[in-house]
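Order of writing sets the chain letters: A, B, C and D. Residues in each chain are counted from 1.
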Amino acid sequence: DDSWEVAGRRFTSRLIVGTGKYKDYAVNAAAVEASGAEIVTVAVRRVNLTDRSQPLLTDYVDPKRYTYLPNTAGCFTAEDAMRTLRLAREAGGWNLVKLEVLGEAKTLYPDMEQTLRATKELVNDGFDVMVYCADDPIAAKKLEDAGAAAIMPLGAPIGSGLGIQNPVMIRLIVEQAKVPVLVDAGVGSASDAAVAMELGCDGVLMNTAIAEAKDPVMMARAMRHAVEAGRLSYRAGRMQRRLYADPSSPLGGLI
Amino acid sequence: DDSWEVAGRRFTSRLIVGTGKYKDYAVNAAAVEASGAEIVTVAVRRVNLTDRSQPLLTDYVDPKRYTYLPNTAGCFTAEDAMRTLRLAREAGGWNLVKLEVLGEAKTLYPDMEQTLRATKELVNDGFDVMVYCADDPIAAKKLEDAGAAAIMPLGAPIGSGLGIQNPVMIRLIVEQAKVPVLVDAGVGSASDAAVAMELGCDGVLMNTAIAEAKDPVMMARAMRHAVEAGRLSYRAGRMQRRLYADPSSPLGGLI
Amino acid sequence: DDSWEVAGRRFTSRLIVGTGKYKDYAVNAAAVEASGAEIVTVAVRRVNLTDRSQPLLTDYVDPKRYTYLPNTAGCFTAEDAMRTLRLAREAGGWNLVKLEVLGEAKTLYPDMEQTLRATKELVNDGFDVMVYCADDPIAAKKLEDAGAAAIMPLGAPIGSGLGIQNPVMIRLIVEQAKVPVLVDAGVGSASDAAVAMELGCDGVLMNTAIAEAKDPVMMARAMRHAVEAGRLSYRAGRMQRRLYADPSSPLGGLI
Amino acid sequence: DDSWEVAGRRFTSRLIVGTGKYKDYAVNAAAVEASGAEIVTVAVRRVNLTDRSQPLLTDYVDPKRYTYLPNTAGCFTAEDAMRTLRLAREAGGWNLVKLEVLGEAKTLYPDMEQTLRATKELVNDGFDVMVYCADDPIAAKKLEDAGAAAIMPLGAPIGSGLGIQNPVMIRLIVEQAKVPVLVDAGVGSASDAAVAMELGCDGVLMNTAIAEAKDPVMMARAMRHAVEAGRLSYRAGRMQRRLYADPSSPLGGLI
């Protein structure tokens, strides 16, 4: 058994997938299915959850089967993000949420000052808050001290597909954290997801890498295997890197 | 169906594993099983295949179930390698073989001049020859023209675990090849294997990454998933890398 | 002419060097001389500036010739950092200062919440504040809005010598900034310094890379050339990367 | 004094520059001047050295001041390359030459089989042969045994500007060589040149990085500083990489 727990809930899959940028809800649902995810994150401002005259995500991705994780994509202030999550809780009863307070529209980088403030208020308000954040170990510690249910540093800018830019910082965050750490944003291919898991992360959240692949359902399968591969690789304990048969190499510095 | 073919034989698994450096044949066999491999490569000079007074690899890894791929690890001349493979064919009937002619003991880098000569002779001699080689696209083309059944460029020095050092050259070799291309040597972790497959390789061969992991059987499972993940990621067609919402970025050069 | 300006002062050299970890002040002075630096940064808590019974840095590195930039190395709270800089101003008249408020001792990563607060107070207090900070473009913008004289993101942990870990974020910070941006921390070798400058930074600050080289004075010379090289390379406008003679390559994604 | 020697000739500059792709010979000459190079390499098939009715390179880049290094760019067989160099020797008396035998037009990767054969014949013929080659340490050793005056592995494909792709192999070649090793091809920016020198190479040869920069003369200056910086950085002995203040870090594997 290698399950993990966030806010008292236990999951087997370590891959969280999104619900944006798909051609339609049918493709989205097929990708979610192929990914093996148990949690799907939903931008509550962008996804139709209530207007029955339009297609409803919930008709395709069953909220009884999947844990819905409402997120605040598109919110640029703490107030806006908090209002959005409170409405979501009233509407759907969702208490486990993903907070993101973005600094500006070009990079979608988090505003950590407002993120920390919103985390504190939402925790006081009884939410279980998974928090999108900078790859900043000091800020990550403050979020954890404020009661965050999970720390979710970006691997690279949202939607960039550049892969994990700063493994050193992700690893420092993982080392110190007592709550789950999940890379959120930046994964572009399967190997990127495996790298995130090999750093010791508890999971990976992604949307664009699957939604914008030429074949999203096949990429979802790829990511399922990648997260599993990276997790097993981390647990199995990798071989030592070396340069040649003789490990007492002066080339050590290159590795 | 996404099987592949080498020398007229068809395989489903794209992971080839080794039989060196394990604690014993039992662990080796358990790792082979966990890896899902259909082909196991055997250093005919190092593995006991005939002396019934000692443990026999064949009693643990069933040659009826797995395709044995004899290799010439430890051979430093074309003549030595050819002699070894001829003896192997006489002893076990093995016709599909992996040729490696090493340049020297420190790096175990291939001697491409002798490798090309041995390939030609072995092909003339009726062998199906999978060839360990440099990540040199011109040499790879010559091997193919000489009748090699598969091209197997090193990703990094044998036993180094450094990962794919030169993806540009591996990709050039993949682009031009009409026979299978498999990365042979250099993989250290699951993400390395996924990278190899995302470059479009037909498969990956590894030994040390599994044998020297703290838990070889778990690492074998990791590698099974990693090769599958990388293959699916390649086939699914990854998203475009970008730096921010506005793709017409002056940062393009960074990607 | 390619000089740059911070807080109304104009400099030709884009390399700022430190005064810690040297064998003695004589070696330090020789390294400063070889580096061509016009600004030297001084940890006011660690360097002897006043006790005439001990060797004084000012006897070796002439404050009339070099601009002294007092810094708050070793300060873990905003209050501590502000007190240190106020004492330094009283003692030496230094108004141009480098603020660092560290989050904890293991990584020496900045505490951005306290850093922002201290920046605001120090600016109100009439200081010209160059600010050590995370590679966080939103936090960098806030520092600039608070009146920071220069933004100094870390390239990698202080004293690590790992080189620029996240060029994408450094570049985003450079793109948006209207005050000088200097990489502070993380440079280990000359090529690292050149990379920082090629990203468009206005300068580089380093200490350990020079002080802990086997030959600090020669490394100081190396760094002088490296900063000049990187600056010229940035200004000259580099060639386009390509994979082969035919630029319409399907390999584009690899670059 | 940090001069170096090839084929009995001593040079101070470790940067060799080319004479192709420039707007005209005047810009070329200005770039050569700015680079500080003492050796310029000339594609004897492409540069006008004899037709006095057309502009002559020699009128701009004085062969009395600079060592001309004829090269065989554009030659795809050993015979073609040897014929070219023999004509060059007859015409200009040039005995120190750069051999390149290209495998095909798309990648301009060397054909190492023909390169080795041509090296042997040219050495027998009395030439001092600097040899463009793959980053293959076994082939490099054979070239040296055949009498090559210098080993010149590619850092990346000619004209690609991708930087040093395989530092591990370049370093292995440097470690074993008794003749000078120079990176030839692949440098795109100043930091790339510094990296090559930090690996311990004796020099760097480049053409496109300078010729295709927006400002070739400024880039030539950048490269002069970069080669000097990398050389000094190598000689000065870089600091140890580490992850934090405590060097006994479990993160060691990341470095």
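Throughout what follows, contacts are C-beta pairs under 8 Å (C-beta built on N, C-alpha and C of every residue); 3 or more make two chains touch, one makes a residue touch a chain.
This is a predicted model, so every value here is computed, not measured.
Enquirer: Please state whether the interface between chain A and chain B is built from the same residues or different ones, using more than half shared residue numbers as the mark of same.
Expert: Same, since most residue numbers here occur in both copies.
Enquirer: Return the chain whose centre of C-alpha atoms lies at maximal distance from the corresponding centre of chain B.
Expert: C
Enquirer: Just the number, please: Cα centre separation of chain B and chain D in whole Å.
Expert: Between these chains, centre-to-centre, one finds 33 Å.
Enquirer: How many Å are there between the centre of chain A and the centre of chain D, using C-alpha atoms for each centre?
Expert: 47
Enquirer: Just how far, in Å, is the C-alpha centre of chain D from the one of chain C?
Expert: That gives a centre separation of 34 Å.
Enquirer: Give me the residues of chain C that touch two or more other chains.
Expert: Where chain C meets two or more other chains at a single residue, that happens at 107, 157, 160, 162, 168, 172, 238, 240-241, 243-244, 255.
Enquirer: If you look only at chain A, which of its residues touch chain C in the complex?
Expert: 103-104, 107, 109-113, 116, 134-139, 141-142, 156-157, 160, 162, 165-166, 168-169, 172
Enquirer: Of all residues in chain D, which touch chain C in the complex?
Expert: Answer in residue numbers: 105-108, 157, 159-162, 188-191, 193-195, 198, 208-209, 212-216, 218-219, 221-226, 228-233, 235-246, 255.
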